[in-house]
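Please find the structures below.
You will see chain A twice below: alongside chain B first, and alongside chain C after that.
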Partner chain A sequence: MENFIHVLLDPLKDFWAGFIVFVPKFIAMFIIFAGGVIIAWALKLLLLRTLLAANFDAWADKAGLTAIIRKGDIWGKPSDISGKILYWFVVIIFLMIGLNALQIQTVDKVVSQFFLYLPRIFSALLIFVIGYVIAGFISRAVLIAAVNSGYHYAKIVAEAVRLLLIVFILAMVLEQLSVAPSIVVAAFSIMFGGVVIALAIAFGVGGIDAARRIIEKGSEEKKEAEKDVEHL
Partner chain B sequence: MPEIDKIDILVGIASYNNAKTIDHVVRAVDAGLAKYFSDKKAVIVNSDGSSKDGTQDIVKTTTLDHAAMFLTYPAYPAHRISMPYDGIPGKGSAFRLILQKAVEMQADACCVVDADLRSITPEWIELLLSPIIKGGFDFAAPLYSRHKYDGTITNSIVYPMTRALYGQRVRQPIGGDFGFSGRLAEFYLKQDVWETHVARFGIDIWMTTEAIANDFKVCQTFLGAKIHDPKDPASDLSDMLLQVIVTLFNLMDRHYQKWKDIKGSKDVPTCGFRYHVGLEPVKVNIVKMLDIFRTGISNLKLIWTEIMGQGDFGEIEKIGGLSDREFRFPAALWTGVVYDYAIAYHKKMMSSEHLIKSLVPLYLGRAASFMMEVEEMEHHKVEEEIEKVCLEFENQKDYLINNWR
Partner chain C sequence: MADFYQTGIIITLHKLGRPSLERIEHEILEFSKQRPIALVLPALYTEFQADAIKGIVEELKKVKYVQEIVLTLGRATDEQFKEVKKFMSQIPYEVKVIHNEGKRIKEIYATLERNGLWPGEDGKGRSCWTAYGFVIANGKSDVIALHDCDIVTYNREMLARLCYPVVNPHIDVTFCKGFYSRVSDRMHGRVTRLLVTPLVRSLEKIVGFHPFLVFLDSFRYPLAGEFCMITDLARVLRIPWDWGLEVGVLSEVFRNYSARRVSQVDIADNYEHKHQPLSAEDAQKGLMRMCVDISKTIFRVLAAEGVVFSDALFKSLEVAYLRFAEDTMMKYEADAAINGLVFDRHEETKAVEAFANAIKKAAQIFIESPMGTPLIPNWNRVGSAIPGIFDMLKKAVEEDNK
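The block that comes next holds the complex of A and B.
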């Protein structure tokens, strides 16, 4: 009978002993997480006030950042969005630190992997944002230059340039995130090379007449330049 | 060249591959100095952009037989300096070196002339320098007889805008040949602008505007026809427009306090005897200009709407739908467009290069419309049309001021 009671109580004792050890860890995790939420909230507030004082939303409008955000179907103010990003970033960081406090081997492994991966996420995000802005800038430059040259399909050319650049940027982002890097590099090389060859063949074969016309027009313009109007 | 401590006159010639014309320009300058300023110590400075065609050698070796032309030799034959300039390649950088020499040699009066001129005569030197030496002016802007289709950037933007902003009717603010005093040369040289568009085509509007805005005594001088070598075909319209308009808009930012209270405009004193000159015919391709304008409407809608708003863009779309023969770009609409661009530039709505280059199709549309309007008109009637554009700029100035801040 005594044996039976032991058999019955031992697991409960073990559970209790484990529970006693776990509860402080859980409370620590909860405190870290709750503290993280408060810190995240405070940082968000600080950032919002700083951005407001620096007139960040107006700057974002002028710099075209708002337009980029709108294209992604996000309709908040750029300052609010920045605040939210910072808030959730800090919350996730503290959640990971909190989980670490539980000292569960599997969770520890996930947490350490997360922290090792963090710099990659950062650089990938940076590449994407800068790349997206540069792609927009180049695309607009191409659009205006093509219009000023009298090219009727300027918008299509500009959009094609933007698309190519974004594909290029996405390949860089995926490579940075180590998402199937060999496949990404191979796929990108094949696609980019294919586009270049296709353009070369299209212009070389299909555009012989057009090229001849452009060259002839250029030399005619040089001959006739003497009689052209002076703008200045 | 012997050491010269102090000179009276400096004539600057900015050149780049002008071997074909510079001989004529140097001889005209030399003859002008000998004929009209024989009692003055003068130096001719050629500031060259490292020409490959021997321009500098021609400057140094060109001779003038004074005895064959005049009864007396000049007391101080003009010395010549020819040297390459450093910095950004362009007319402004060439002028900077000329200004440095003028200040170093303490010149009382200076003038600059283009090296590609075919129509320059010795009288130009007298006309550019006398207002400074005898008239007490600090700046003499040129006044030329030009073909009614020439100088479209001047006629449609630079002249009306400068006049509306600063209230002085300087007809050719970007003429290219100027006379100025030694103290103005010193003022120019002190400004920190030599790494900007002023170093290139922006130099002319910058010199004129700074002279007006800083209350230097300004006049204009009639030089007759301006005929020069054809421009390098590689000099792109959008680059020229960019350099001139960015400089104009930068000056608006700089001199806001000056121009915001100016209403209307007044004539500036004009020197020289005005006469009408027969001019070479000019070839224009209206169809191509309108084609680029319409290409702009169908491709730049987003950019133009952002700059000028839906209302003005609607008007632009409407005139874009007219047939080539009926096409007219009203002066009032054009004025609104230019002011919207100035405001957009001031508010840094987008990169300055994109902003100004997106103006090219609109400018071509307006230029085409103007050319069709004045096709059958005589010279004085054309000037009346330009006057209407200027008045439109003056009348709409309140719109610019109200939207500036």
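The block that comes next holds the complex of A and C.
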């Protein structure tokens, strides 16, 4: 009978012992998370004030960043969206730190992987933003140059240049994020190489006559020059 | 049947005999292959509760030459917008509804404002301007036609006659305004009859010859809301967002194009739509507000053209206007008599007195603030200030219409 009571109570005792150990960790996690939410909110407020003072929204409109956001059917102010991103980013970081306080082995692994991945997310984001702005500038420069040269398909050429640059940037972003890097590099090489070969063939086939004329003109000028030699 | 007299310095296209609608529509269909047409319809949700819109949609279903319809909807909730979208979907070609009260379009307006480009207050001017922006962004149409959605006597001949002068490359006008008579058992159109025409002619008498006044006086119905224009004109239009819209559009046409490329066309034997109350005591409501806005716009356009306004000029103008309006009233009385129409001289006199007050009020406002509220900027400027605005607008309308 005594044995039976032991069998009955031991799991409960073990659970209680575990619970006693777990509760402080859980409270620590909760405090860290709650503190994180407050810090995130304060940082969001600070960022919003700074962006407002720097007239960030108008800059984003002019630089084309707002247009990118709208393409994703997001209709807030760029500063508000930046604030929200920062808020959730800080909240997630503090959630990870909080989970770390639980000292569960599996969770610890996920948390450390998350922190190792953070710099990659940052650099990918930076590449995308800067790349997109540069692509916009180059596309506009091509458009202006083509229009000034009287080229009929100026808009199509400018859009094609923009599309190619964006594909290039997206490949860089995915490579940076280590999302199937070998497939991304291979797909990009095939696609970009294909486009270049297609252009080379198109130019080569279309320009056979022009090339022949240029070569013939060159050799004729050479012969003429040889004939003009005056012997002393 | 109308006469064939050419009024003023613009081209006047009359309705002579019984021109075949089928022939005109067939020709427009051919021309529209080179110059696709967009039809812009400014409307409030309340207009979808009336009968006029049902008749308009029934007629539009039969039209084959319109590339796209852009209905720009004001004062509607999200639910009401969906209802309108469903109602318009019975038209068998592309129809896009712009939800001016929706979160996406509101964000577009907010984007403009934070870049120093004020799109004006809610109203027909801003709604139409947004629709022009969408047509430009969509890039499908070279010609824009516009008419209201409260026309009780609508038939598709109106649209055909409105579009014809602009799409026909042999006529090749850049802007064409509709004209018509507004008669039931009496003559309507008080603001045109008793305010605009007498005011313009009084100004001609006081200021002397001025090309803009001659231009404005050439239109038989300068306040008609129905017109057709080339899309390029929509790019350079700077329009007022208030009731000065029609006169403001005419002033921009005058500024940008030769009068030889401007026309007016007889689009209907008779035209009936909702009537505004006079509200003579309140300059912020009804016809009185409309008259103040119109008079202000005329003064500002003339000032921009170099006309010097002074207190003395305005005092003379008030007197001259009253004389002209009274003389005009006598002419209309005679016209009503020969046609057996009711002519309430007392009501007409009350209207003239109210309009004289409106001119006085407009003059005061003009003296206090000659620049007034800024016009809605043109789309060329907007596109230059915010390079992605057309993509944003297109995206907003497309998402709303999904």
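We adopt the following convention: the second predicted complex is superposed on the first by the 205 of 232 C-alpha atoms of A that agree within 3 Å, B and C clash if a C-alpha of one lies under 4 Å from a C-alpha of the other, contacts with A are read in each partner's own complex, and residues count from 1 in each chain.
Assume a residue touches a chain if its C-beta (ideal position, glycine included) is under 8 Å from a C-beta of that chain, and two chains touch if they have at least 3 such contacts.
These numbers come from a predicted model, not from an experiment.
Once chain A of one complex is fitted onto chain A of the other, the partner contacts of A:66 are limited to chain C, with no touch recorded for chain B. Of the two partner chains, chain B and chain C are each touched by A:140. Of the two partner chains placed by superposition, only chain C is touched by A:57; chain B is not. In the superposition on chain A, contact of A:148 is made with chain B only, not with chain C. Touch criterion met: A:75 reaches chain C, while chain B stays clear of it.
One of chain B and chain C touches more residues of chain A, and that partner is B.
Chain A residues in contact with chain B (one complex) as well as with chain C (other complex) are 62, 64, 140. Every residue of chain A that touches chain C in the complex is listed here, in rising order: 57-58, 61-62, 64, 66-67, 70-71, 73, 75-77, 136, 140. On chain A, the positions that touch chain B within their shared complex are 62, 64, 137, 140-141, 143-148, 150-152, 154-155, 221-222, 224-232.
Only residues 103-104, 107, 110-111, 114-115, 385-389, 391-392, 395-396, 399 of chain C touch chain A when the two sit together in their complex. Against chain A, in their complex, chain B makes its touches with residues 149-154, 174, 176, 201, 230-231, 233, 237-238, 240-241, 244, 280-284, 288, 291-292, 295-296, 298-300, 303, 347-351, 353-354, 357-358, 360-361, 367.
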